[in-house]
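Look at the two complexes coming up: chain A is in both, with chain B in one and chain C in the other.
And now, the complex of A and B:
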C-alpha cells in the first residue's frame, strides 16, 4: 500500500497537483493489491494523455482511492486476468483510445464506434464499425446450436444483441453485445459544462433521471465547493426514493407477468404510475426531469405540497403492499422465482456487480450507507439483502428496499411539511481549475458514478459515467449459465438493466 | 386464492374514463407553450438564447417555437424578464406534418387530423403497432408501454402493441436514431406489410432532442423512414401519446385545432 494513490471521499475534489502520475507497473500492482484487500474497482478509464485513471472504493471506510498513470505507449498489461471486474473497463479503454490491454482474455468492442482520437482502431476495423459484428464465443459439438436474438426485441424495450450457446434448452453461455444506443454522451460532456449537459445527464438512462442528475450536480457542487442545506438534501432524497419506488414496483409487476401471475402484474403496472405521478406533482415530469439543478433544486417541494403528497404516498403504499404481498403466498410464483437465475456470491463480487444484483447475493453494499451523500448521513437507510442470488433474491431485495424507501419518504415529507421552502439557488460560479472529483449515488439499479476532470480553464477535460448496468450486464450472463433458454425473459427482468446507460 | 380475490376487491376498477373525462394533470405539468408577444421588448432574444436545444427563433412578430425540438424544460420561462412565455396544461400536441410544429406568435397548433381513405378503412378500428427504440433513453419507451397497463387500457381502442413487424400496421419510433440503430430501424420498417404508417414519439425522434448536435445520431426518425404522426415531449405524457393515436384514428374532434393561441 506504499503506492501513492490519493484518498478522498464521495463528492470531495482532489487537486490534480496532488495526484501524481504513478509508474504504470506500480499503478497496476496498486489496483490489484487493493482489490485483493476487498476494494472495488468503481471506475477505470483513459484519456488522450494517454493516461489511465482508477477509482477504488473502500466500502467499509467510505473512502475512495484514486490514482493515475501516464502511458509511454498505447498499451499496458491487462488487469483482467487477475481482476475480472476490470474486463469491460479495459475493453472500453481499447475502443475509446486504441490503448491495448495486452493479455486481455476477452478483448472485444463495447459500443462499436471509431476511437475518439482518430488513431488506429484496436481491432483494425476500417471505416465506421458495424454494431454487433465481432468474434462471439462459440461452443461446438454435436447438437450444440446457437440462438441469436435482437437487436430489435419483441416488446417495448431498448435494442441489444444476445447470443445463446445451447444444447437443446440448456444454455452453456450467453454473450451480450450492446452499443446500439450509443449517443456519444461522454464526448458530449467534453469542454463542458454545456447548456445541455444536465439534460444529457437526465437522459443518459432516462428511467434514472434523478440518480444521474444528482450525480452530475454533486460533481459540479464538489468542484465549486457548494454545500447544500439539509432541506434541499431532503427534497433530493424524496426525488431519488420516489424514482426507486416507481421502478421497483414496475419491476415486481413485470416479474409477476413473466411467470404468468396476473394480479400483481396488473396492479403494479398501474401503481407504478401512482408513484411517477407523485414526482410530477413536484417537477411537472413523471420521470423527474427538471427537478434538480446544480446548486440545489429547480422545483421546490414546499410545505403545503409535502402535506398534500403524504396521504397519496400512504395510499400508493397500501396498494403496493397489497399487490406485492400476493407474490410471496403464490406457490407457482415462488417455484419459478427460486428455480431461476442463480448467481454465485463469490462470482458476483469478482465480476464487480453492484446494486440490487449484488445485494441479492448477500453483500450489503449500498452507496447510501457506504459513501453517504445528501440526506443519508443524517437519515440513514438500511441496505436490504438476500442470500440466494436467484430471481427470488432479486425480487425480495426490491421488496425490502420498497419498505425502507417508503419509511424514508414518509419521514422526509413530514419534515418538509414543517420547514419553509427555500429560494432558488444562485447559479454556480465557474468550476475549480485542474481538479478531479468522483460523485456516487445509489440509483434504483445500483451505484451510479460520475467522475470529472477539469482543465486549466475549469472545463471538463474528461467526464466519465458508470451506470450500474455497465457492471451488471455480465451478471445476467452469469445468471443464465446452466439455465433453460425459456427462463431468459424472467432472468432478464430480474436484472432489468439499462441499454442506453451502458451504451452512453 | 382467497387473498387474491380480496386483493381484487381492494384494488377495484381503475381504468381511466378517458376520453369521456380528462384525467387530472399535475399543477406543474408543462404542456403546450404559450407566448404573449405583446410583452416582448424590441430586439429581445433572451428566450432564444436560453433554449438549450435552439428551439426558439425570434421573428418579426415574436418568438417562434419548434415543438419538435422543445424539451418542455422551464429554461425559457425562467429566463424571460417580462413573463411573456409560459407552459399551459394543454396536453394536446400531436401533428401530422413536421412543419406544423413550428408555432409562431398568434398561430394555433394544427392538431393531427385523421387518416384518410384506405388507411382509415384498414386501421380505423384495429391498429397494431411495433415499437423500436433507436437510441431512446427508455423515457418515451416506458410512457408508451404504460398505455398497455390497466390504467390506460390501450386495447379498448383497438390499438395493440405486437411483437413482430410482420404483424404490425404501424411503427412507433423512440430515440434520435443512433447510427448503430439505423439499419435495425430500416429493416424493421421494410419487414412490415404495406400499407404502413410511422409514429415518431418524443423530441429525440422528432429532432434528435438533447442529442441533436451529436454525430452519433441522425436527428430523428424522419432521417430513415417517412413519418405520419409527430408526438412532441421529453418524454410526452402518456395522455399526449394517446391523444395523438386517437386523433390519427379519428376518435377525437374531427377538425383538430386547440382553442389556445400562442
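And now, the complex of A and C:
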C-alpha cells in the first residue's frame, strides 16, 4: 500500500502534477493488492503516451484511488490471470493502442476497429477489421454442436453475435462477440468538449440518456469547480429516477413476455410509456434528451409542473404495482424465473459485474449509496438486493428499486413544488488545465463511469467511458453455463444490456 | 331413399365447407381473446384470411441449400391434415369417410405430417431448425401415447375402432363412462395444446428462435409455402378440436342444430385456448415432458377404469 495511488472522490478532480507516473511493476502490484483488499477495478485504460490509467473504487469508504504508469514499450504483464475483472479492459487497451497485455488468457478484439494511433494492430489484422471475425472458443466431440445467433436478430433490436457450444439443449459455453455498433464516440471526445459532445454523451446508450449525460456534466462541472444548487440536483435526481422507472417497468414487462405471460407484458408496455411521457413533459423528449446541461439544467422543472406531475406519478405507480404484482402471484412465472440464469456470487464479484446484475447476487453496491452524487447525499436511497443471482433475483431487484425510486421521486416532486424555479445557469468557463476527474453515476443498468484528462489547453487529452454493459455482458455468458439453450432469451432479457453502450 | 341421400349430401357439403373455410377463423379468435384480456384491441378476427390472401400473391424465397424436400413439409402437412379432416366427425353427424380402424389411420396422418415438417426443417441445414425438429419429435413421442390410450378407452367403451362411432356414439356420454370420458378429454386437452404448439408447451407468438419448438421449423418458409404452413396449422386446430368436442355430443343434436352446436363449441374452444394463453406462462422446456406425461396418465387411467 506504499505505492502512491492518489485518493479522490466521485467528481473531484486531481491535478496531473499530483498524479505521479508509478513504475509499471509497482502500478501492477498496487492494483492487485487493492483488488485483493476488496477494491473494484472501475476503469483501466491507456492513452497515447503510452501510459496506463487505473481507477479503483473503494465502495465501503466512498473513495476512488487513481494511478498511472508510463509504458516504456507497447506491452505489459497482463493483470487478468490474477484479476479477472481486468480482462475486457486489457483487450480494449490492446485494440485501441496496440499495447499487448502479455499473458492474457483470452486476448481477442472487443470492437473490431483499427488502433487509434495507426500503429501495429495487436492481432496483425490488415485493413479495416470486420466485426465478429475472430477465433471463437469451440468444443468438439460427437453430438456436440454449435449454434450461432445474430448479428441480425428476429425483432428490432441491436446487433450482436452469440455462439453457443451445446450438447442437445445443454449449453457448455456461450461466447458473445459485439462491436457492430462501434461509432468511435470516445475518440470523438478528444480535444473537446465540442458543441456536440453533450449530444454524443446522451446517445452513448440511448436508453440511458440521463445517466450518461449526468456523468458527462459531472465531469465537466468537476473540471471547472462548479457546484450546483440543491434544487438543480433534485431535478436531476427526478430525471434519473424517471429513466430508471421507465426502463425497469419495461424490463419486467419484457421478462413476462419472454415466458409468454401476457397480463404483465401487455400492461407494462403501456405503463412504461406513462413514465417516459413524464420525462417528455419536462424536456420534450421521452428519452430525456436535452434535459441536463453542464452547469445545470436545460429544462427547469417549475413548481407548478412538479405539482401537476405528482398525481400522474402516483397514477403510474399504482398501475405499475398492479401489473407487476400479477407476476409474483403466477406460479408458472416464478417457476421459470427461479430455474434460470444463476450467476455465482463470488464469480459475479471477480468478474467485476455492476448494477442490477451484481445486486441480484447479494452485493449491495450502488453508486448512489457508495459514491453519492447530486441529491443522493442529502436524500439517500437504499440499494435493493436479492440473494440467488438468477433471473428471479434480477427481476426482484428491479422491483425493489422501483419502490425506492418511486419514494425518491414523490419526495423530490413534492419538494420541487414548494421551491421557486431557478434562472438558467451561466455557461461553464474553460476547463481547468491538466486535471483528471472521474464521474460516477448509477444508471438504471448500473455504474456509469466517465473519466476525463485535460491537456495544457484545457481540452480533453483522453475521455474514457465505461457503460455498465461493458462489465456485464460477461455476466450473461456466466449465467448461461450449464443452462438450457431455450432459456437464453429469458436470461438475456434479465440482464437487458446495451450493445451500443458496450460498443461506444 | 333419395331424401336420406340428400340429407347426407348436405351434411357432407357442410363438413367439407367447415373443414376448408373455417380453420383460419380459430387463430383469429384466440388472438382476439388474448388481446381483449390484455386490454388491447388486437388484430381483426379475420386477420389470418387476409394474411393468406396476401401471402398467396407473394413469391417464395428458397435457400440454395434446400431441395424439393423443403416444399414437401408444407404441402404434405396440409394434404395429411385435410385427409384427416374427412375421418373425424363434426359433432354427431358421421364423417364423410369412415371405416373400422380409421382412428389409427387418423393418428398416423398426423405422424406423416410431422415427419414431413421435420424433414423439411432439416433440409435447410440451419442449427435453429434442427433444434426445433429435435424438440418436436421428442415431445411427439410423449403426446402420441395419450392420443392412442384415449382411442383405446373410447374403443373399449363403444366397441368400435371407427372415429365416427367412437366419438359420436349415443349413450356414451352420460353413462357409467362419464369418469373415463372426463379423463380422456383432460388428456386430449393436453395433446391439443402440445400438437398445436400453444402455451404452455410452445409459444406461437414469440420471436425468440431459441425458445421455439414448432415455429422455428418453418422459419425459412415464405410466400405460398408459408401460407400453406399457416393454413395447415389452423386446420390442425380445427381437426383436433373436432376430436376433442366430438364426445360431448349426443344424438339429441340432430340436423342443423348439430352444426350450430359444433361451430359454437369450436368458438368456445378457441376462446378457452386464448384464456389459457392469457393466464399462464410457458413451461420451461425441460418441464414439458412432465406435462405431456400427465396426458398419458389421464388417458391410461380412463382405459383402466373401463377394463374393470
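Note that the second predicted complex is superposed on the first by the 504 of 504 C-alpha atoms of A that agree within 3 Å, B and C clash if a C-alpha of one lies under 4 Å from a C-alpha of the other, contacts with A are read in each partner's own complex, and residues count from 1 in each chain.
Just so it is clear, a residue touches a chain if its C-beta (ideal position, glycine included) is under 8 Å from a C-beta of that chain, and two chains touch if they have at least 3 such contacts.
Source: prediction; values computed, not measured.
In the superposition on chain A, contact is made by A:290 with chain B only, not with chain C.
A simple residue count on chain A separates chain B from chain C, and the partner touching more is B.
Of the two partner chains, chain B and chain C are each touched by A:267.
When both complexes are overlaid on chain A, the residue A:437 reaches neither chain B nor chain C.
When the two complexes are overlaid on their common chain A, residue A:486 makes contact with chain C while staying clear of chain B.
Look at A:146: by the touch rule set out above, it reaches chain C but stays clear of chain B.
In the superposition on chain A, A:333 contacts chain C only, with no contact to chain B.
In the superposition on chain A, A:195 contacts chain B only, with no contact to chain C. Once the two complexes are overlaid on the shared chain, A:155 sits against chain B and chain C alike.
Looking at the shared chain after the overlay, A:259 reaches chain C, while chain B stays out of its contact range. Taken together, the two structures place residues 154-155, 263, 266-267, 330 of chain A in contact with chain B in one case and with chain C in the other. Against chain B, in their complex, chain A makes its touches with residues 111-113, 128, 130-131, 151-152, 154-159, 179-184, 187-188, 195-196, 199-200, 203-207, 209, 250, 263, 266-267, 269-270, 272-273, 277, 280-287, 289-290, 298-299, 319, 322-323, 326, 329-330, 498-500. Against chain C, in their complex, chain A makes its touches with residues 145-149, 154-155, 168-169, 256, 258-263, 265-267, 330, 332-333, 335-336, 339-340, 484-490. Interface residues of chain C, counted against chain A in their complex, comprise 34, 37-40, 127-128, 130-131, 134-135, 199-200, 203, 205-211, 277-287. Against chain A, the residues of chain B that register as touching in their complex are 3-4, 7-8, 10-11, 14, 26-30, 52-53, 71-75, 87, 131-146, 148-151, 161, 163-164, 175-176, 178-181, 183-184, 187-188, 209-211, 213-217, 234-235, 237.
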